[in-house]
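You will see subunit A twice below: alongside subunit B first, and alongside subunit C after that.
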Partner chain A sequence: MPKTVLMQGNEAAVEGAVAAGMRFFAGYPITPSTEIAEGCALRLPQEGGKFIQMEDEISSIAAVLGASAAGMKAMTATSGPGFSLMQENIGYGAMAEIPCVIVDVQRSGPSTGLPTSPSQGDYMQARWGTHGDHPVIALSPATVRETYTLIIRAFNLSEKYRTPVIFLMDEIVGHMREDVELPDPSTLKINQRKMSFHDGANKQCYFVPDGQFVPAMKPFGQGERYNITGLAHDESGFPVNSSEIAGKLVGRLLDKVEKNVDDICRVEEVEMDDAETAIVCFGGTTRAVMDAVAAAREAGEKVGMFRPITVWPFPEKALRARLPRLKRILTVEHNHGQMLLEVQRIVGGALSVDFLGRIDGTVISPADILAKLREEGPSHAE
Partner chain B sequence: MGDTRYEMRFAGSGGQGVILASVILAEAAVIAGLHAVQSQAYGPEARGGVSRAETILSRGRIWFSKVSRPDFLLALTQASLDAYSQTLAENAVVLFDDSLSMPAGLDASRAIAVPVLKCAKETVGKAFTANIVAVGAINAALRLFDDETLLEAVRRHIPAGTEEINRKALEAGAALITPEQTAAFAVQIG
Partner chain C sequence: MPSDLVHLYMRIDHLPQIWCPGCGNGVIMRDVAVAIDELIHDEDNPIKREDIVIVSGIGCSSRAAGYLDFNSIHTTHGRAIAFATGIKMANPRLHVIVLTGDGDCSAIGGNHLIHAARRNLGLTVICFNNDIYGMTGGQYSPTTPNGDKATTAPYGNVDRPFDIAQLASGAGASFSARGDIYHARETIEIIKQAILHKGFSLVDVYSICPTYYGRKNKKGDAVEMLKWQRDNLVPTARYYSMSEEDRKNKKLVGILSFNDYPEYTEEYAKIVAACRKTKKG
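Coming up: the complex of A and B.
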């Protein structure tokens, strides 16, 4: 019988990652993510894994990529300033197809900003923080329990598609404790990466069979010798200067995500079936939105919540399916309007998209959302 | 949201342990089968600066994790008492260290001024137990949890070897509250 415990979001990230098979963590402590490094320092030695505190965030992500190339499930955790430093190597991980999970517990920015205050200002950075066209998968939890289950999914997707996955938390969920009943570990689905060892038929380390997107991975240090590079490379892993090969490679990297959006995208929809107004939100903001939706419903207003759990790629198909019924969308984020741009792109002027944001480090309350709904809502439009 | 939530705020200066006090009460709630959400706000300093923590208790699912108008306030510094006694819910109970002066406008009939800091230093013998003394006093006034539940919650959050001094701190805190105060301030979580 699962037991209810009081757990912090950051603790749940550690426990979920360990359950997913993470056995290597390299990081540099930074508020509000520090409890993740602390938890890994405690838990990994107990599980036969390795924890290392590096000299900075650049070396942290580098160590994570190296450990993953050598066959370990690996993770780092940081906040905005450290996430900025990690960007170059996140692109390297995408190009060299090295699975790993990068946790960003967002705090108020820009720069070192308000270290202990909540924000969701890294939404666009999670997508475009590293240069060049590259695939991105980013997931964002709203509860402590979901932090546990969703970080397992982050590892699963990372291993399946051989790409770094961003686990986009925020101070609200990371630093919050709540009662949580964790799932029985035997019920968890854990993916392992597809490996290839010395297969005589094809020794090319980035060989991809026709109709597939993801090469099986040869582990470094276990008898295979091959080249890993951030330069455009052919199936042998060695750099090439051929536009044909480079175009095909980057196209395949993007296809790994773009051709599998149905597998990757997840949404939580609450009270959406008859909703005329949809509140779009993600992560910790969800907590105020849930109370606002309940209060609006109690007052007879047809309001629902559309929450991307997969925040990159944005669950476009699911939102499009809701558009014919909707009269209005209100996007609520703890930033100056970032997911808003995705919503506007998808809606394309078909209906009104309002925005409620916050950039001063304080938290948007259910009352703020209700006031915004009623200030410009359909019931007051006449 | 609304009347089913019991909202508690704990405020002091960094290092006084108000965050741990809020965590222990949330832990006790979980042991007692209630829903609980705990969060905190603090500055970048390890010591000093304003430290604020919040715990919300309910029999139903708790979504919004922040406290706006607390039903209960613990204040261990004058600055936090002055600031946070301005944003209380109706009939809120305020427990503060008796070395502080009562802010203007605070309802004296709902205020509990007790020597939390002095009790930790002199009765218990360790100034750093002030937060546990406060937890003992809070639970004696509000009767949220039975003593065994609260003691178990404390045990889950203290270093091994400090059980005895923390038990002593809890009891010393409880002894600061009179039966009349308990009768006046006991709450039921909705």
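Coming up: the complex of A and C.
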């Protein structure tokens, strides 16, 4: 029997993560994500897990990577300013292939900004926040219930591809309370880390068989000794100065995501089959868009919603498949136009792409969206 | 022909190491290996080799993690103690040894150092303290003495230096000590005690950097710098037999502070046990 509970998005993130097997959390208080740390402090000891409040966000992500290397599923949660501080070590996680989940409950920026107000201004930071070319998987939930199930998927992808996964929430979903029907735990699909070294002659800890992308992993302190580094390294895990090996390594790291986009990408499409106008949105903006789509349909307008659930990589193939029927795209985000850039890249001038955004910490209403839909011709106003 | 110790505990394929001629870091790395070897072969209470994890940050010191043949993780600049915190929390059975430098652990990583000391998390931090940023070419660090020269202090260092062992003591470290490369046997004993200590332990080991610090400050070659250590750093027994007057301008090689505060992961385990009991009951 599934049970129904009244829950906040931040609480659903905790419960979903615990269901996914997360047993280590390190974090630092920051609005509007703090309930996640509080929830983990309460829940993890009950499950035999560990919580620690670190001295800042830099050490939080570092402790998470350390715990994951030592064999635990691990998570941290923060908001914009803390997410900025974590970026160097997120790149370390990508380079050293240490799975973990980083929750960013976005708030209004830049800088300290409007700490309690909603925003989706970290969309590009989630992709390009750390230096160098690196793989990124980022998922963004639209509802409290989806927060619960999607964070499980975030852990599954992180373990499967051995890479940090960004769980891109926003203040709207993080602080919204709603009835949630939690799935029966026995129905959940939980990925465990591919473990142990490869048999046979090749005992290299980063050895990847031909045709595969992800090396198996062994935790620290359970037998075979190996080295982990953020320097360019060969399959033995030791630093190299060879441009050939470094290029091959970074290429493989990028391929883990790029060659598996069909497995990683998920989209929610509503009323898209005959739509002539698609509204592209993600996360907490979705509710207003759904209302606007329903109102437009009632008025006989052929409008649909295209919502990336996997926001990085952007579900390019799915959007391309919709382009032949579409006459117009309206991208709606609580920022100055970030996912818009991905949409424009994919559309490439084939049709008009409009934008509705907000950068003042208030929320976009269904009426705002309908008004924008009914504006004459393409425009770019805010 | 490398010694048995090298064969046993170092990754021969990755030697020779990158350190400059006369650098003290190799001595400290050797001291750590000897200390571990003696603890592994302790008749009463041996530690297990597979339970040792070496964690390092960035800088000259931190290359040691790659040479020592244990579980090793070479992390980001300043964050070794924070990575180590996660490792120790995840698996408290492990002996987590952080190899770091004066810049890595007291400048960029200073915050993590004092907080790990305050928590009394059971890590062992060995600081390779050479008073300078060597890897980047001789800039002043938080331990460069006032008035000394560095590439970023061409007119003399205006900053006042940290005493890292005292800093750790002040932050509540339950074991804080000082070692050096001249008094190797004493330093090895201190490192052994630090590893066996249950709570947070720090050993600030004075290294030498003839290439940058020594040359910039006309300290002579490695031998001259070692002589300075011999004449100015004093092991415990002798130090405490000296008059206060004689102790002026000398520094103790030994344990500065020691107590048996409860260790963090043991305290946390009690919370977990209590929560689980309540949940079952």
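In this section, the second predicted complex is superposed on the first by the 371 of 382 C-alpha atoms of A that agree within 3 Å, B and C clash if a C-alpha of one lies under 4 Å from a C-alpha of the other, contacts with A are read in each partner's own complex, and residues count from 1 in each chain.
Basically, contacts are C-beta pairs under 8 Å (C-beta built on N, C-alpha and C of every residue); 3 or more make two chains touch, one makes a residue touch a chain.
All of these numbers come straight from a predicted model, not from anything done at the bench.
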Overlay on subunit A: subunit C relative to subunit B, clash or fit: fit
Touching partner for A:T116 - first (subunit B), second (subunit C), both, neither: first
Partner chain(s) touched by A:Q192 [first = subunit B, second = subunit C, both, neither]: neither
Partner chain in contact with A:L65 - subunit B first, subunit C second, else both or neither: second
Touching partner for A:S242 - first (subunit B), second (subunit C), both, neither: neither
Superposition-derived comparison: subunit B or subunit C, residues of subunit A touched: C
Which of subunit B and subunit C A:A288 touches, first, second, both or neither: first
Three-chain overlay, vertex subunit A: subunit B-subunit C angle, C-alpha, nearest 10 degrees: 110
Touching partner for A:Q212 - first (subunit B), second (subunit C), both, neither: neither
Partner chain(s) touched by A:G230 [first = subunit B, second = subunit C, both, neither]: second
Lowest C-alpha to C-alpha distance for subunit C against subunit B (Å): 16
Footprint overlap on subunit A, where subunit B in one structure and subunit C in the other make contact: none
Subunit A-facing residues of subunit B, complex: 1-2, 23, 26-27, 29-30, 33-44, 62-66, 68
Contact footprint of subunit B on subunit A as seen in their complex: 4-6, 31, 115-117, 172, 175-179, 284, 286-288, 290-291, 294-295, 363, 365-367
Subunit A residues within the subunit C interface of the complex: 24, 26, 45-46, 48-50, 52, 54-56, 58-60, 62-72, 74, 88-89, 92, 219-223, 225-231, 238-239
Contact footprint of subunit A on subunit C as seen in their complex: 11, 14, 50-51, 53, 55, 65-66, 69-76, 79, 81-91, 93-94, 111-112, 115, 268, 271-272, 274-276, 278-279
